[in-house]
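Heads up, the next two complexes both have chain A, just with different partners, chain B and then chain C.
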Partner chain A sequence: MSEKIPAKQRLRDVVDSVYRAAWEAKERGEPVGWSSSKFPAEIPETLGLAVTYPENQAAGIAAKHGGQRLCEYAEGLGYSNDICGYARISLAYAAGAEADERPMPQPDFVLCCNNICNCMIKWYEAIARMHNIPLIMIDVPYNNTVDVPEARVAYVRAQFEDAIAQLEELTGRTWSNERFKEVCANANRSASAWLKACGYCSVKPSPLNGFDLFNHMADIVTARCKPETAEAFEQLAAEYEEGVAKGESTWHYDENYRIMFEGIPCWPELQALFKPLKDSGANTVAVVYAPAFGFQYTDVDDMARAYCRAPNSVCIEAGTAWRADLCKENQVDGILVHYNRSCKPWSGYMLEMERRWHDQLGVPVVGFDGDQADPRNFSEAQYQTRVQGLAELMAANKAAGGQGK
Partner chain B sequence: MSEKKVSDRQRIEELLGIFSGIAASPKSQLDMYTGLGKKAVGVFPYYAPEELVHAAGFIPLGIWGASGTVREAGRYFPAFYCTIARMGLELALTGVLDRLSAVVMPTLCDTLRPLSQNFKAARPDIPMLFLAQPQNRKTYYGKDYYVSELMRVKGELEALAGKKITDEALYESVQVYNESRAERRRFVQLAAAHASLVSTQARSAALKSAYFTEKREHQTLLKELNDLLAAQPAENPRDYTRVVTSGILADGGNLLKIFDEQSIRVAADDVAHESRSFRVDVPESLAAEAPMYALAEAFAQQTDDSLLWEADLSHRQQHLIDLVLDSGARGVVFLMMQFCDPEELDYPSLKAALDTMDIPSIQIGYDQQMTDFGQAETQLMTFKEIIG
Partner chain C sequence: MLFLGIDIGSAVSKCVITDETEAIRGKGLSPGGAGTGGPQAAVAMALADAGAAAGDIAATVATGYGRNLAAAADSTMSELSCHAAGAVKLYPGVRTVIDIGGQDAKVLSITPAGKLDSFIMNDKCAAGTGRFLEEMSRVLAVPIDEMADVAGRAAHELQISSTCVVFAETEVISRMAEGAAVGDVLAGIFAAIAARVGALAKRKGVVPEVVMTGGVAKNEGMRRALERELGTPIHVDPLAQYAGALGAALFASQSGL
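What follows is the complex of A and B.
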């Protein structure tokens, strides 16, 4: 019997297959789309359209140290270095910059949803303008309440229907409600398995290195509607279960402290991010991506509601509660916050959230300055000092007999 | 010169002086109105339906940041956010907005999203009337959604005012605002035509003062000014270097002083704080029947703005070109608000569109904390030499 492929490898293969399918579609002369990460993927998947994800591509390029090169290319085109690093990388690639780190076919249409950020609108407009291609826009207004108002659900749902009609006309594909049901079932199954896998972070000691979740997020972003994604996450959860039973973990160091890492990682600096955490025995056991991407829904209205709950589209009360609940469930000792120069909607209310977590959880919270894609905005020395400071505060807190409230 | 002409010119100067005084001291306006027993509501950018605030009996006062230094707001925002948000919050945290009954907070950009949340955290005692406008605003469902948002804000205003906003009152406010917008559009034309009488700083102040004055009062003064300007003899357009300004804000006194020192005048503008805010009227015939839908319709018709999704991807570019050609400007000055990513993301395509038409342009970085305008001065001097 052949050796079983580890879930980690299967998950990587799924993402690779998304890009491969896009290349193959392009070779067959079929249209290929670029999509924002929280555009309702159920729509292009139901229509059988090949779609790739610029945010995922940008993260991949940045992790392989191509971020600065492409950011600078975009700056040469006139884009300010204040603009989101993912957007700069993507615009550079769309304009013709080489990126062997994660190549993907150029788009024939773009699918834009601004639930993550409004920057997405201008970014995708620019791509559409460069290539003279259609842009399908699903607008999700920002929420100021925990519950999504019904009028907003109706607005988003109506846009789903318009997007479907536009894509049918554009690609000649026909919508199938039966296929849509299957796709939604796959998406829900993926989300459920993703949440289950993430849930193992609550075991003490954790059977996983929390940074693994950042890598696996690529699957929930690019392939959440595919059955192989759900299967790979189910296997991942089973492996963590096995780890718990055997007392094993993908975190190979002491687990002196359990932290929440808040924000997108600095992809170009993963080693630098990881080292002081490893040295102080601080395992990441909470990341907000679990609730943020693990959404489940029962019908189309509920799907519209789910897409209104992206990390940057929820109000401060919901955002604080997501994280606070995670921290409590996963018995977090401290929180490390990435003030991400690339992400204004995310970083913009973190200082207030810090205060709320501190009050609600009684754990130390420390921030550092960085960027998800542009290494010029990260200082390793500052980061090390901040992690060291966090470790000292967590030690003092523990010595005082507390692990938080 | 006849006595009549002398007195007309004196009155023009006097009116411009009144506008400058108001623009320089919005806090005095707030104190004046509240001293008279009126209630005021702050209105943040962009495209908030001030007519609703007005119809509820409040004085709407625009809050587009302020010149100064960010201190207290640093507890809420890291440094990489525009000063409209950071200084707006600074005003709230330092007591300047204490007398407001509420603020209206649209959320069309990634900085206004967290500003809305920070505001309610920082000043829970000042009601924050949240507004999330639709980007797919031209569709029937976009308008339906927007009406539902407006109805909520209307209800919140009514609760604060202790009275219903009647359709008649809203229709009347729509008329007041349409007249004010028309007068401001007329002023933009007349200021450009009478560049010797209206400096760049004075033009800015006349427009900015509208944010701090009840619109009927402002319109009365501006109409008087416009009528006086219209009666003045025609000027040679080549006496000044005429440009189109583009950006979010163009109201910094020290920055505009350089324009005046260089004899540069604004022939037309693509500035969010200026013409973008008053180029679209609310359709009055619709307002007479369904005023809330009329407000949604007006927003649906907004276009050519970095804050708005635009299906026609060359529309804004063509609009800027048309502004230059129609106004006879010799070039475009982009006043780039620091950390404003919608503007920064639109800029390369705008620049490229101008280049294809051989229209010179320059980009000048700007924010409300700037005190040293040496670089801007050098840039403008060089640009003037280029465009002649």
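What follows is the complex of A and C.
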């Protein structure tokens, strides 16, 4: 009997197959797209287009310590080092820099949705100009209200239709509503299984470490419309369920404290991030970045609504409540906030969110400087001091008999 | 029974020895922080000051950026908890601690019960820290311990916009080339640091009584500038520079070793 392949490996294989499919499409002479992470993937998937994801590529390159090399390459082209590290890595690669860490074919069109950030627009415009290729844009305005107004739903939905028409014309493919339904069903199934897997963080002790979810995000970003992704996430959730039953966890250390890690990880410094957490027994049991990619919807309008609710496109009230609810459900003792130099929209409103969490949740909130891709913006010694300080505050709270409000 | 607290900073090492009544029995301070002979020298001074030998120490806690390099320590505590504990011991009514060290600045909120509630630290940049003052001392050729007197004689406080060491050096040199008085430039430097650290403190919320700890606390010019910035008196204990080491010694005595 053949040994069962662990979900972790299946998920890795799915992502590899996305990149492999893009290379194969390129070899066949078919157009290959580059897509922002929260562009409605259902559209290119329905049309059967091979698409890769620069943000995922950049994270992979950064995690394999190629981030600084490509950031410096982009800076040499004239891009400021104040720009997002993912953007610099991607622009460097688009301009011809080598990246053996995660190579992917150069694009024939780009798909941009600014629900993840507005830097994305200029980043993709630059790639489109560099390669003289079409840019297909879906504009999602910032939501200054908790609910998404119907006029905005109509605006975004109309852009879905426009993007489909542009892609049909560009690629010669024909849209099929029947296929679209299948793709949406796959996407919802993946999201459901992904959210179920993320939900196991609420079990005490947790059968997983939140950093696992960061590692599995590549699938929900690059392959959420594929049935094999849904199956792998369902297996992942089943493995966590089994872990709960057996009292096992992917976190092999004491769970003295349960924390929320806020923001994107410093991919080049995962070991440095992990070490003081491990040393103090602080398990990450809440991360908003991972479940934020679990889009679930009932119809096309609802799909437009779902794509309006990305972490950087919701108002501070919604963003604060989103995370505070997660902290309560997952019973966190403290919050560690990454002031990400690459992500101004995300980090900019953290100071106010921190104040609100401290008041609402009664748990210590500590921040540190870092970067999702550029290791020059991270200081390990400063990080260690802050994490130790957080652990000491959590210890004092526990000794006083409290776990927040 | 004696307890040793070692605070290994980026520039200076400090030690305090306390007894079981939490009374200070000895202290030592030596230039040289992590990776130098400073910590050993400071320990030797503290032992000599206490009239004790190494074998008399029941427990040792290390703090500061070099805390993990202190092989003799039984455990480590962050300088956040240690400065809080030390400041509360030196000034029991304290609610806000501002610590400016060699390469960082921190603001600690203390509960009415004298416990650390929360903290905030400078970002990765060392602007507005002791290192900045050291650089300005070098550029202006004014020893650090004379800076406050020279600034105190300023006729005008020049505006220094930069707190980045590199940019500030350029700006200061330009001001000097324009014929500005050294005292006026220094007053501007203190005001610039006070504005940066003050912004950090305001973000956390400044609740009196306010106490300053760390090496920069000894600088009267810096204290006055921060008082002006925050609009509240700031207390500086003669042992302010030892606050972290004192806190570490107190944690050593509570460790039950």
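The criterion applied here is as follows: the second predicted complex is superposed on the first by the 403 of 405 C-alpha atoms of A that agree within 3 Å, B and C clash if a C-alpha of one lies under 4 Å from a C-alpha of the other, contacts with A are read in each partner's own complex, and residues count from 1 in each chain.
Keep this in mind: contacts are C-beta pairs under 8 Å (C-beta built on N, C-alpha and C of every residue); 3 or more make two chains touch, one makes a residue touch a chain.
Keep in mind it's a predicted model, so treat the numbers as computed, not measured.
Set side by side, chain B and chain C differ in how many residues of chain A they touch, and the one touching more is B. By the touch criterion stated above, A:A87 is placed in contact with chain B alone, chain C being left untouched.
In the superposition on chain A, A:I121 makes contact with chain B only, while chain C stays out of contact range.
Shared-chain residue A:Y339: touches chain B and chain C both.
When the two complexes are overlaid on their common chain A, residue A:L351 makes contact with chain B and with chain C alike. Once chain A of one complex is fitted onto chain A of the other, the partner contacts of A:S249 are absent, as it touches neither chain B nor chain C. When the two structures are aligned on the shared chain, A:C315 is found in touch with chain B, with no touch to chain C. With both structures placed on the common chain, the touch criterion links A:L77 to chain B but leaves chain C unconnected.
Once chain A of one complex is fitted onto chain A of the other, the partner contacts of A:V365 are limited to chain C, with no touch recorded for chain B.
Common to the chain B-facing and chain C-facing surfaces of chain A are residues 339, 351, 369. Considering their complex, residues 77-80, 82-84, 87, 114, 117-119, 121-123, 125-126, 128-129, 135, 137-139, 141-144, 149, 151-152, 154-155, 158-159, 162, 312, 315-316, 339, 341, 344-345, 347-352, 369 of chain A touch chain B. Chain contact summary for the complex, chain C toward chain A: residues 65, 68, 76-81, 104, 115-121, 123-124, 203.
Interface of chain A with chain C (complex): residues 339, 351, 358, 364-367, 369, 377-379, 381-382, 384-386, 388-389, 392-393, 396, 400.
Considering their complex, residues 75-78, 80-81, 107-111, 113-118, 120-122, 130, 132-136, 139, 141-142, 144-145, 148-149, 152, 306, 309-311, 313-314, 336, 338-339, 341-342, 344-349, 351-352 of chain B touch chain A.
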